[in-house]
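The following blocks contain the structures, represented as structure tokens.
One chain, chain A, links the two complexes that follow: it is found with chain B in the first and with chain C in the second.
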Partner chain A sequence: MSKQINVALIGNPNTGKTSVFNSLTGLNQKVGNYPGITVEKKQGVCKLPRGVKAHIIDLPGTYSLNASSLDESVVIELLLNKNDKDFPDVAVVVSDVENLKRNLLLFTQIKDLEIPTILVINMADRMRYKGISLDIDHLEERLNTRVALISTRKNEGIDHLKNLITNYKDISVTPCLDTSEIDKEYFDNLRKAFPNQLVYKLWLVITQDVNFGKIDRNEIDAIANFKTKSKADLKRLQQKETIKRYQFINSVLKNGQTIDASQAKDLRTKLDRVLTHKVWGYFIFFIILLTIFQAIYDWSSVPMDFIDSIFASLSEWVKDTLPSGVFTNLLAEGIIPGLGGIVIFIPQIAFLFLFISVLEESGYMSRVVFLMDRIMRRFGLSGKSVVPLISGTACAIPAIMATRNIESWKERLITILVTPFTTCSARLPVYLIIISLVIPEGRFFGLGYQALTLMLLYLIGFGAAIISAYILNKILKIKSKTFFVIEMPNYKLPLFKNVVLTVVEKTKSFVFGAGKIILAISILLWVLASYGPGPEFNDAEAIVKKEYASQNLSEDELQRKISSQKLEYSFIGITGRAIEPAIRPLGYDWKIGIAIVSSFAAREVFVGTLATIYSVGSDEEETIKNRMAGEVNPILGGPLFTFASGVSLLLFYAFAMQCMSTLAIVKRETNSWKWPTLQLIIMSSFAYVVALLAFQLLK
Partner chain B sequence: MVTMNTLIQNILVVIALVFAIIFIVRKFIWKPTKSKKACGGDDGCGCH
Partner chain C sequence: MQITIAHLKRGERGIITDVSSIHIPLKLLEMGCLPGNYVELVQLAPFKDPMYLNINGTHLAIRKETASHILIDKIEL
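Now for the complex of A and B:
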């Protein structure tokens, strides 16, 4: 029987920990959350030599075991709780060859918890560029562990690492530092009070208020024969511990590492000078954005048209092949068009995530964060707010969770409240379909109008977020201060494997997550659109035939009139017409109204809803875009999707809070219904007013 | 007279509708409480 061991991957941010995780697990990984909190939990399985299986958990990046954020406390809680099902048999600390000294602080802390700990030194391929040489034997001897020198980029050293993990029982658990050196008397007392516990674990509990089995800091305080120290004294002792650790690390690296600066062939400084320049930095960022949006359009059009025609043909095939009846109609008119409405956007979403992933992997995204900090400060946001705002281009939910590392409550609250303005991937299908209907295909200096419109919408979202932040900063009377620290990783060629995994994972979660909701809503909408009360629906055929008896309508025209009459008096038609007075001033008909209401569940449902509504009763093989383009405005005549109504709809979606999941997460993060309620009312009202003004001015 | 085909098709629509309603209710209105010891699943945020 094969044996399974728990392996914890731990490391500072930007050490390539995720690359190591990907190299070990490949596609055998899944992403979830830690119970009760919203910190991402990545797990995977790796097959090791001798039939051993490793359950690998990629823990959040942390600089030390002195937690200052929720992400870091997750690492400590796991390492202190032997009863946790994920408690590691072996810890793998991933470090970066260029920042070994700083990375070793975390390594020594973990080693002192008496867990077998392997040191991985990643990015070995950069050693010759930086003039670095290492004496691995010396490092292994002094750190009393096994060291794996690897390069995930070149896929070197991974097998050696797997062997070390397999033989983890051979690794010494002797601590690097004698903890009692920090304060002999204090630690002696601690040892006497808790003879069965590891002193360093107790020390972490005392200094960080993290749970440790059944002992927490209050219980430690409550034991009469042990008096802990004041917070100031504990802080002083923590500093002393850090100094002692660095003294040890310096002594290890003195003979274990040589850096010859004259051998370094460093491009980084030259690149940083240009990419973070106060003028050129923004200019280059702007050019990169333009290129991305143009490429999204240019590269996606062929696969999108292909997918669209496939779904149209599939509907037709289902109708022709299956026995006629209501379930066949549900498949052909409800489920297939509804799903087609989301699948069609896979190429564009994949390209967007491809570019974002390349920018992140190359190290450029950190420069953008640094660059934008200069702007953010003027609007009352932290430089750290840039991360949620950029993450918001994927989804507002993880972006709002990412605000947890902003120390100032005021800045965090403002970031939470404004992040939903950034253009998330769920808005993308809505934008793309409307843009393709109302914006001409011409080009301006080689850039398509459609791509420029899409980029403008992203800028509008970002602009709305920072202007709202400025207003909130003036209105909210909360006093707090913060500072901005960001690590600039080295520039590197993006790893193909990492980019592909990111694109696949993000696209998959978008399609499957949204797909399930759209499938359910498509079924519901089809039923509501296919059944109705009263004689207007049930006797639709007789009514239409009587009404048009004098006109010589063809069979096709007659069928279309009957379908139209049925849809209008179906359950969905009745509901849509009830809300129509409120949306008519914006240039929308009741069908768009229904799509807006249903897309409150998730914005991308909008396109699927329209696809379903327009398909009901239709016998023709038509693409979603063609069906929407052929819709006629019931009041004004002419196309329903004009430039005015299209722009109005785009602006409505740019500003409206159309996402129940985001509201739920805002409630959870602020621990109050006050903020999501205000967010919903203000954003939706603002969206309505802007959409109204846009339509009335442009019509 | 209701044919077998019509009957089966109607039953399938009803089943699909019931599943869709249950899914929507569980997703947006009422979520069954999870055990605290569970890992959180692979879709913790409820987003897409």
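Now for the complex of A and C:
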């Protein structure tokens, strides 16, 4: 057999679907987006017995085929479109042994689409603790399919699953539910009107609000004519369908599954008694956050210093080794320092993603949602807004996409608008370098001042998000039904493999995504800083020599004067000095101004930009931090980065909307330019005012 | 007065009798919130809202407002 098998992995959230995907594909996977939308598309290749290959697509988690979000509609769109190149030859429904009943609902729906459907029962290792026993033969007979009992944690049953996939053609496609049980007359009419179509498929098309772009146009028109039921009637039928399906499932499980409750050792109850407690729950949440920040700061400082010094010596080495010329200068003064400015932050970003993925994998995040819902509602948010606000500490882009499961549009919109206030990992580089320059070392009750400052900045970002949500909630006049359903999954020890894959994947995309921009900007900046238009630049050497002819300057000092004269009259210097009046009151010089402007592409560019600007013309091997510490305020004298200007800069970055990608995502998710434009203007002007006040009060 | 999930105290149980109200999202039904199924109140957040429930073996949290639309018969312990 030469054709590869298309396999779709489908399942409820929290069933370990991703673990099954990882077990099947290993590292043979790639993550992309569905065309036109920002839903993550995960695909991979799996080698099956007898040399057969399977192309596996990991569909977004969903509770049923009744889509209520963009992510879920991806599932149904694929399953209804036979012409899609990813249309599955076989569907694999992943279920969790403890929630088999609920998981089977989705299974019966998919089987009714007449696609061969294998049932995977995952987390078999937990059966013993829960007193569950299963009669697999009975389940296979009643569900009319093949069942694979597996444990991704213990790596058991995967080979059996691979065998079942290889032999998918043996699986029956008889539906589970007879649609005429729901409403005989209605479905009989439907069958008569479209004799060539699968009735259940038509029913899904009728009841879904999703856009089925690829389904035959005539079909949809005809259906539009046929639509004789009101919305309320349709919903009643959907309810009836759900009830019928559960009746079927109950009858299957009655003989297929036995649960001896006395055997169950309930970790959930014990943990929940503490973790969702009125007082202890919040206390523990706070301690967890505190630990994360302290860890990010302390654990990553060693590898960061190491990376910083490596890049500094690399620059030096390039200068010494390569023949001097334009290319060498570009490499040593533009590209290497620019890249160094991003690579240095890999340790922190990896730690951050590590913590976030552990919180989500363990099931703890849902408890936080539960604890926070009431409080968040007071600010016009939902408990589910906590997830975007927390994952916003990694990056606002996935965070804004994570708002999709918020049911109320108003709560969702407010969450989208305020999420960019949370301290994303791109701000981290800026914070870290400025904190290390202006905040003294030293400890307070065992916590470093610098770590506390970082924690404070995160709290400020979170506070700004909450307060602006409160204001938006009062201003926005949107009526939308609010309801809220969240599953409280079992506690699980996060799988090492899953966590590592997430951290590697996210860090990689952070570094390469930002790396491209930074590389481009550092080349541009280097060119702009190395060339200038007028005689002040081109004859810099002569001018400086003449000016200082009377003083006895050493060769070194003279060289430094020449370099700074050149930088000042280069293209970038001219631009920088043009915008300087606007930022002078905030305590910044024109170099910081350039860095701020260039960081509108992405915040982390700030450090790379300063690194590039400062390194042009400097000969010594120096780390980014040392260069910044050595900068002198052109007017006041003394170091440029003082407590006042540092705090002002920190606050500016805390509030300003400086990320084009986030604006693009907000546009896409709200489907209008109105919201991102407002975000840009309001956040940035607020940042300016706060930074201004801070510098003027502290200087 | 009809008893709803919103009236349950921590640890109390009931059997769902009616969910036909338009206030109940389909998603909740699909998660097992259907007539005949049992429901147990596992935990309450401060101000008794949201409510952490065990419905037919599925653990989930809903707001009190939604819970007040799900009618039950209380099981006396």
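By definition in this document, the second predicted complex is superposed on the first by the 676 of 699 C-alpha atoms of A that agree within 3 Å, B and C clash if a C-alpha of one lies under 4 Å from a C-alpha of the other, contacts with A are read in each partner's own complex, and residues count from 1 in each chain.
In this section, a contact is a pair of C-beta atoms (placed from the backbone, for glycine too) under 8 Å apart; a residue touches a chain by one contact, two chains touch by 3 or more.
Just so you know, these numbers come straight off a predicted model, no measurement behind them.
Trainee: Taking the superposition as given, does A:A549 touch the first partner, chain B, the second, chain C, both, or neither?
Mentor: Neither partner.
Trainee: Touching A:I475, do we find chain B (first), chain C (second), both, or neither?
Mentor: neither
Trainee: Just chain B (first), just chain C (second), both, or neither: which does A:K101 touch?
Mentor: A:K101: touches chain C, not chain B.
Trainee: Once the structures are superposed on A, label A:S64 by its partner contacts, choosing first (chain B), second (chain C), both or neither.
Mentor: second
Trainee: Mind working out whether A:L493 is in touch with chain B, chain C, both or neither, as first, second, both or neither?
Mentor: In the superposition, A:L493 touches no partner, neither chain B nor chain C.
Trainee: After lining up the shared chain so the two structures overlap, which partner does A:A664 touch, if you call chain B first and chain C second: first, second, both or neither?
Mentor: Once the two structures are laid over each other on A, A:A664 reaches chain B alone.
Trainee: In the complex, go through chain A and note every residue touching chain C.
Mentor: Counting only chain A, the residues touching chain C are 63-64, 66, 68, 98-99, 101-102, 105, 232, 235-236, 238-239, 242-243, 246, 268-269, 272-273, 276, 278, 366, 369-371, 373-374, 383, 407, 482-490.
Trainee: Please name which positions on chain B make contact with chain A in the complex.
Mentor: Residues 5-6, 8-10, 12-13, 16-17, 19-21, 23-24, 27-28, 34, 36-48.
Trainee: Going by the contact rule set out above, which residues of chain C touch chain A in the complex?
Mentor: These residues of chain C touch chain A: 19-20, 22-23, 25-32, 34-35, 42-43, 45-47, 49-50, 52, 56-63, 65-66.
Trainee: Hey, which residues of chain A end up touching chain B in the complex?
Mentor: Answer in residue numbers: 30-36, 38, 41, 43, 85, 323, 325-328, 330, 395-398, 401, 425-426, 509-510, 513-514, 516-517, 519-521, 523-524, 527, 601-602, 604, 660-662, 664-665.
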